[in-house]
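If you scroll down you'll find the structure; I have some questions about it.
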Amino acid sequence: MAKSLGPVKRKFSPWTDPSAVPFIRFENITKRFGTFTAVDNLTLDIYEREFFSLLGPSGCGKTTLMRMLAGFEEPTEGRILLQGKDISGVPPYRRPTNMMFQSYALFPHMTVEKNIAFGLEQDNLPKGEIAARVEEMLKLVKLEPFAKRRPNQLSGGQRQRVALARSLAKRPKVLLLDEPLGALDKKLREETQFELMDLQTKLGLTFLIVTHDQEEAMTVSDRIAVMDKGLIMQVATPAEIYEAPNSRYVADFIGDINILEGTVAATESALGAPGTVRIDCEGMAVAVEQECQAVAGDKVAFAIRPEKVRISPDQPADPSANAVYGEVWDIGYLGDFSVFLVRMADGRIVRAAQANVSRLVDRPITFGDMVWLTWPLDAGLVLTR
Amino acid sequence: MKSPKFDATILTLGFAFLYIPIVILVVYSFNASRLVTVWGGFSLQWYRTMWSNAGLMDAAWVTARVGVISATTGTVLGTLAALSLVRFQKFPGRMLFSGMIYAPLVMPEVITGLSMLLLFVAMGIDRGFWTVIIAHTTFTMCYVAIVVQSRLLTFDRSLEEAALDLGCPPVKTFFKITLPLIFPAVIAGWMLAFTLSLDDLVIASFNTGPGATTLPIKIYSQVRLGVTPEINAICTILIGLVTIGVIIASIGTKRAEIRRIRDEHVAARGTT
Amino acid sequence: MANVSEPLKSLHTNPARWLVVAVPYLWLLLFFAAPFLIIFKISLSDTAIAMPPYTPLFQGFGALGDFVSNLDFENYLFLTDDPLYINAYLSSLRIAVISTFLLLLIGYPMALAMARAPTSLRPTLVMLVILPFWTSFLIRVYAWIGILKPDGLLTLFLQTIGIMGPDDQVQIFRTDYAVFIGIVYSYLPFMVLPLYSALEKMDNTLLEAASDLGCPPWKAFWKITFPLSLPGVIAGSMICFIPITGEFVIPDLLGGADTLMIGKTLWTEFFGNRDWPLASAVAVILLLALVIPIVIFQNQQKKVA
């Protein structure tokens, strides 16, 4: 499996290089449909060869943003630059981008071969070259035996690959993928995610993917933009998005997390420098080691991922560690993990996840047990937004 | 990519083409002058002439009765035919059956009319009121079958299965579940059958007999003699009746739709 | 579960279900299929015995032998002898082909414009196309007489706007042109609706995909939209072509003496000359000419259903 993944990407981070020139630039883009603002004064840079995800719930403007890049919608305000050139007003059929549609949009009256050749024929390439390119594409997506079939004679996964081949055939500068795996079942989806990454590295193209599936975005992307209501909430690598979300929205949208509202009690460092922040979460004292812009008295939230919370029947020996005491209220057995819902004296619930490292079915902790939840100072986060 | 202006122009021209002749006809039925090209002022005199024309009124009465009876029998037969086509995938002669449903839709009326007449003659049946009804039933049932069939094809069979599962026998299930749900289509089929019967000249001409002159036959014999405002008047009344019927039907469906949306709203609020 | 739905699918389990099929089936066999056999038989009989007052045809199966020995192709020979009938056939086909083409030419842009209109507007547009169909065919054809007559409204209109001199008149009424206008007018809804339903079903993302792959809109129309609407084109064309070929009312009311159409000929033979066998022979040949289009139409309908 690992071999088929192709060259491993190392140290690919042009966004950290201040001299790098963005490949695509959305500049103060606003898009309104009537009174509804789909995209609100948004600025975003995407770099060459990047695998970039737009992630958000439906209606957050991610698809509109992509359709503006493809040319199906024109921005109400702002401009889009592709390799430094403003592409406003260029119709979709003259843009060097290609799109893989959510519905695949395969032409039902053409064979697989004809579908893949369609874009090449529009460029009036010589027949022989078209045939060669189609063959190459069929090979790339492993569909050679199906060249003469019509789309309705293919399975969902095969159709998805035809759509991919068709959009790649013209060697676009940017490939746009609109929920490309949405119609596939879970297993096939996971496989295809790796194939996509493999293809992207091999072909050296820039991929822009729209998805509402956070796992998909985490798996395939170099960077993710989390969107909500036409705004970008955070742009970062998958690990940063997960481990250092910048807001309650992003923290809550990606993965599972405990969020407890509270007030900053004290900061033991100068403003903006790393140090310990003490938060009073409605009677529960929590200490976090973090660089923080908040000062005493600020309303903030304390957030911690369940897998970073340790659960134990015994009181922790180290008195400086964060610890809360509660009753096991419910247990969710997920196979690889068990999630414990622990109810504190005031009724608030904190979730702790524990990897099931042994095959033992009888767990040492069960419903109704009184337990201690502990976590180190650097496990949680202070969210100011 | 889309050209709304071009589209709007085409639609305007197309609908103008479809409606101007009808509008002219209606307007000139109120013309005091006998001449088509001269507007002699507003008048209802042609309606009075029409009203006192006994032959025309008789024909209208015959047509109405033929329409109601043949539309009703045609709707029953057509609904059964639609059920047969949708629900029974296999029976002997199914090909022939579906062929006989579709063929009358496009068959030139002169052929249908003539062939049916010859059947009646061969069977020694005197032509008249009832032969027209049989002829109309035969071609209208096919239209009804098509209308009802399209509704049945989207019918959720699990509703019937649920009724059967709850202990309702098949025939009862049909009347309690299936029929109420396809009823709008059945009504639409009836209305279509009724207008087709009202409209038919050729088939009725072949199959009618003494004392069973329908309105189209009457109108046709007068039209051949030239345009008369009296015919404009009766045409206007027919157009008016049909328009009222269509408006009532569309208000009915719109109301049902509004009620459904409102119910869904209430239901949604009730659950949250 | 399977047992519950089974009785609905199978005819064999419940004989009462036969009635559902049998009643409409027998009705159509008796009143639609059987008449064609009779028309075929009469077309082969002598004028004398088939003219009213006229002996019933069914004289038991014993008569079948007589029937075969009396087969008479005289009517068909007569049809081929007299150029009037051949010309009427050819003229009908010509008029039907031209009208169908004109209908496509006018109906397609209309259907396309309807399919591209905002979703909220579409039901109203469909309603507007259907509405004239609910008003009498005869009335709609009749309305054109008042417009097309030499002293009719079209002349008046053209004179008023100055295209025509006060003494000129539109010489369309009682010509083939009037027949074309009447046919296109009467059959337009039948052409627009199948086209619209084919175009409306079309997935708009296909056009976006074509555009995305470098295909300009006018080219995308011929490469994507038109090929995908072909079922609608065929259905609409057949629904119009077949009845137009046998059309009687329009050529009779709007056409001239020299407008030859087979439906009119049949009518004249039957009602004018009272020659039933000849009228039947005309009908049989008309039917034979329409078999292929009717089969195409039926296949199309089956695919839709």
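Note that the chains take the letters A, B and C in the order they are written out, and that residue 1 is the start of every chain.
The definition used in the following text is that a contact is a pair of C-beta atoms (placed from the backbone, for glycine too) under 8 Å apart; a residue touches a chain by one contact, two chains touch by 3 or more.
Because the structure is predicted, anything quoted here is derived from the model rather than measured.
With contact taken as defined at the outset, chain A and chain B are each touched by C. Per-pair tallies of C-beta contacts place B-C first.
Averaged C-alpha coordinates put the centre of chain A at 57 Å from the centre of chain B. Per-chain Cα centroids separate chain A from chain C by 59 Å.
Look at where the CA atoms of chain B average out and do the same for chain C: the two points lie 17 Å apart. Across the assembly, chain C contributes residues 211, 217 that each touch 2 or more other chains. Residue positions of chain A touching 2 or more other chains: 91.
Among the residues of chain B, those in touch with two or more other chains are 1. The touching residues of chain C, when paired with chain A in their complex, are 203, 205-206, 208-217, 219, 223-224, 227-228.
Against chain C, in their complex, chain A makes its touches with residues 70-72, 91-95, 97-99, 101, 103, 105-109, 118-119, 122-123, 166-167, 170.
By the touch criterion given at the top, residues 1-2, 6-8, 10-11, 14-15, 17-19, 21-22, 24-25, 28, 36-37, 77-78, 80-81, 83-85, 87-91, 93, 96-112, 114-116, 118-119, 121-124, 134-135, 137-138, 141, 145, 149-150, 153, 157, 160-161, 164-165, 170-171, 195, 198-199, 201-202, 205-206, 216, 219-220, 223-224, 227, 231, 235, 238-239, 242-243, 245-246, 250 of chain B touch chain C in their complex. Chain contact summary for the complex, chain C toward chain B: residues 1, 4-5, 7-9, 11, 14, 16-17, 20-21, 23-25, 27-36, 38-39, 42, 52, 54, 56-58, 106, 109-110, 112-114, 116-117, 125, 127-129, 131-132, 134-140, 142-147, 149, 151-153, 155-156, 185, 188-189, 192, 207, 211, 217, 238-239, 242-243, 245-249, 252-253, 263, 266-267, 270-271, 276, 279-280, 283, 286-287, 290, 293-294, 297-298, 301-302, 305.
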